[in-house]
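Here it is: the structure, laid out below.
Just so it is clear, A, B, C, D and E label the chains in written order, and each chain counts residues from 1 on its own.
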């Protein structure tokens, strides 16, 4: 018994000093980063981490911040809000991080915002798009390098009304993102006095990946436009099966989640998008920063960036620029700097409003065309630029 | 108007995949007497090996199926001999074996994640869709149904007409008498694990070709597959065939019902779980009594 | 026989077409040791399990103290004072010998959830008494040295003894014993029966299946002989020994 | 930066999962019930707490209600549980947990759907420092843990616990010795679920929110590992297991920053975790601590006092 | 004539319980030997211990002069030792023919198995009629025949039968006995464990009487129970001589 207790005590003794040890005077500037590297969203998280790494590389190549090199402390949020919160705590309390790029998902953000506020560490999310987050107490500590769902939904609602569609179907991810865009779209339609009906809504589980009957139901309800809200990996499956089920004769509306050449690596998915998607949305900047980012990313990691790689890249850059602007590695100063920050990121011009949301409202409407010069044979092109006030 | 013919055809596709996945599970469950949750990871592993052979080495899908079958089978046997057999010999309870299989699942899943990253991979082979009457069909779906059919016939032949197949059935129903008949029951169990894990790999490749491959490929469908194995009666291959199509039908008709009722289609995942729970409560032996021979 | 302790009338139990027990009627009166013998497969254990409520009889009635117990659950039958000791000891192997005994105590106040949490006084006093009783019985069966060891550490014979002792612990009116002397040495076997005889003076009646006929016949006051699911003969031991049918049942027919 | 605060946070988590671990230990360790749907009851407690605190009930009532409602579900689950084999029960309850999660995820009107429900702090002291806040939480959690532990210990060391263990060892024998397995199993599941429900309430309170994503099956597996690692049928073992698993999770996560690893640390953590479990099952199948013996007052007196035992044993 | 099977000074049981103590038996080629005794006397345990189904604490087992003590159960079959358990002795979910197939698991060559099958059907015409039916649907007597037939498919030189007559009504029991005669004529030596002493001895050359785990009497089948006292001793009712 005593032996056993000693064993246990030894185990504890091994772990606790590590927990409690305080690092010496920092030689680098730490930027925390929370991405979901395991669990349901692990594929996205893995790519977004590449975006963050690219940003850090560039920052350091440009001389770092405050004369020091930047160190990225990446943590795995496990696609579990509780784990995400734990990683925030770890970054703040153990690593002494003063600014965090993340969390990735809205759930983790919801848990993390109050903590960030109390501990005066700003969070810059790259992909938590739920508009409800702006209503939380402490949202002034929460900045978004991504645009919110409702803006996007309204842009799409305008497209529907412009084109005069009257029978809308939707197939959206069953999470805050998918349902958020769908809800905003319907609100936008109602506010715009749209005369039509939503014929069928499907909230799909991204793990199921067998959507034939769901798509068949959409087909059978005879809509004239279908809204899809997906990320890249599950979008590919939906598009592929939609093509197989013969839904390419209906007009589809896409969103930022299915923008990018990543969706073209599955030829069926590319073919479907080219045939069916009449318009998709995404945020844009004025210059060529996105194309430069894509080029660098592709060169570095051998594949094209997908959704939120650019915003992750921008979030890390925003953190670095804010530290530089603050002149001191301190959460409060960084937050103040962030509120005044303005720069041209990969995903467009970045500045934050008083709630910490991205102020820019520049969207482009895109579609997919064939382009034999690209590796996949397809590319996205802009149809129109939309600016929300 | 609901295109019922399509719904039923879709059920066949869903059911075929579940069947291929469930056969190995039900056989090993029947013989080793514990539910192997790492079966999910055998599927995932198979899918990755298949991808490696078909896409990275460019040797085509048929060879990929074969190689994945063999390698995953081998991994299955090694896992059984390295973990489950020693545990069983030490008198581990069914719960311990089950937890061990979950732990093995962690190891395999994250080893795969470390080896191939968590980014999904896609088979490039494509099959075009065509209309056949009211149906939309693609070549892959036909292949999947065909594979399930061939598998059923092959397993039927194996279990009914070969020595080892009969020995599998014999050992599953009465291990002591099997020993007394001179059957090396340990070897029969290894062979069953080989076949079971190999078939899991085949299911993984089909799932991968139909959708995508990532480290959770197997875990995504393991609970419906458990539902099939249990509804069919543990260890009962013929029950599993019926159960796979019952669950396929229930899921796809369920989607139609859910949409008609205005409920979230996410519940589709829950339909198989619900059948699972009801089977266990009402009729834990599953459909086994209908198919006594297996 | 209205005063019979256990009254069995035309009880049958079959499994898949095979009648294990086929129309058995018998009576056990108060006091003493009553034996049940017969070759393997003659239905003795099935009859016991049916009495205990582990099987439900297909036909017939079982009365205990004049009350029909056909449809009672085993634990209810136990509460009436009809207790059993299994042939192959079914002990709680991870529990100590003393705990095995205490599980069997009838009417323990601490068996209730509420009492175990909130009325600890009530049963702690009771348990002291029970422990004394248990130790007395364990002393009788010479297991008092192993009081605090797990039952799993006992040898085969000791397990057998504990199984019997556990039955006694319940202070039953009728104790069914399935082969109490099997698997232990003859001297000890005889000793067990000696103890049983002593206990029967305290008002416990024993209904015993036993293959050690020489021991059983020494202590039993009445013996039923079962063959092929029926009671073939019944009587006092000396009459049974003298009955040629008895040998035919055991040695078989040519 | 305040490492101590992180240690406090760890202590809170150990407390909350210690309660869940105790509850599973009660069900599995003592009563032998393979509850692979632990997270379902954790979820019920958390959501009950969140929903009731939203309508303004004081936190202690929310906690109690969370326990009670969870207990009612435990009782409902126990009805089929009596008839099911261990593995079937495990799979059935696992599926039950997933269905519950789907319901809270999909039914926005019921439980906020994916956005979940925000919960305010149970006790907030004006102007208190973070450390004091954390200590308040520790006090609250460990008060509940203390009650649950006391209940679990009282049960374990009582004739009731003895009967429960007897049923675990041999249902039939226990039944013929007057222990109604239906009653005991139902009560064990009820009590276990009540504890898990209270823990769920504490979890909701501490994290200030409930979300469907917080209740994945992984929670169940983690709790199982806590119990198997610490030692089933030993309440100290359940706590030890909870502490070790939580420390392992955070410890490895911190340690990873100090090493250059050839593979992704997130994957490595799971691989190590899996290997650890298999190692424990192979080489310490009874966990780190052995099953605790039953200690009632009378038994202690008997073992210490009765001369006859002492004499004969020496 | 050399004995084909010898067991010397066997102590056997289960777990750590010793049931059989110091029993020695031997069997000559082509001979039938009955091991009889009341229940609990350890006769089944004795033969199970030869084949690894019960624990052998002490003693040695020889087959054809080779020491096979502690042999793996499935290896014994390939050496030519057949065993028919008392219960669960057929594969219920296999057909009659498949059961026989399993018996021939170690036999090489399809033709030889087919020939063996034909021989068996010659010996057990009752089984041929039901060869494609599930064993689970056979009657008690038929099952017992199938169990023996399954063991015979391995062409054993020694066959252990564990209470083949238990719970059979007289007619199928005598059918089984006559099959045993046939088996003996085919040259296979048999050890039969049986409670129905008289029937067992009627087909045996010699007999051993086990009482309470030890061998109480042994001798010629015909004279074993000639006296009344031996009947009483069989039931343990007479004090032992030692």
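Note that contacts are C-beta pairs under 8 Å (C-beta built on N, C-alpha and C of every residue); 3 or more make two chains touch, one makes a residue touch a chain.
If you're wondering where the values come from, they're calculated on a predicted model, not measured in any experiment.
Under the contact definition stated at the top, no chain borders both chain C and chain E.
Contact with chain A and chain D alike is made by B.
Taking the mean of C-alpha positions as each chain's centre, the chain lying farthest from the centre of chain C is A. With respect to chain D, maximal separation of chain centres occurs for E (centres as means of Cα atoms). Interface comparison, C-D versus A-B: the pair with the greater number of contacting C-beta pairs is C-D.
For the pair chain A and chain C, the distance between mean C-alpha positions equals 72 Å.
As a whole-number value, the distance joining the C-alpha centres of chain B and chain C reads 49 Å. With each centre defined as the average position of its C-alpha atoms, the distance from chain A to chain E rounds to 75 Å.
Averaged C-alpha coordinates put the centre of chain B at 32 Å from the centre of chain D. Chain D has residues 105-106, 264, 266-267, 270 in contact with two or more other chains.
Contacts with at least two other chains are made by residues 110, 113, 264, 266, 269 of chain B. Taken residue by residue, chain A touches two or more other chains at 37-38, 174, 203, whereas all remaining positions touch fewer. Here the chains touching each other pair up as A-B, A-D, B-D, B-E, C-D, C-E. Contact residues of chain B toward chain E in the complex are 163, 166-167, 169-170, 173-174, 176-185, 292-294. Those residues of chain E that touch chain C in the shared complex are 13, 15-19, 38-41, 140, 163, 165-167, 170, 194-200, 202, 212, 225, 231-232, 234-239. Listed in rising order, the residues of chain D touching chain A in the complex are 1-7, 9-10, 105-106, 113-116, 118, 130, 203, 207-209, 211, 213-214, 216, 218, 240, 243-244, 247-248, 250-251, 253-255, 257-258, 264-267, 270, 288-289. Taken in their complex, chain C has these residues touching chain D: 52, 54, 73-75, 77-79, 83-84, 86, 90-96, 98-99, 102-106, 108-113, 115-117, 120, 123-125, 127-128, 130-131, 135, 139, 144-145, 147-148, 166, 170. By the touch criterion given at the top, residues 151, 154-155, 158-163, 165-166, 169-170, 172-180, 187, 191, 233, 291, 293-294, 296-299, 301-303, 306, 308-309, 312-313 of chain D touch chain C in their complex.
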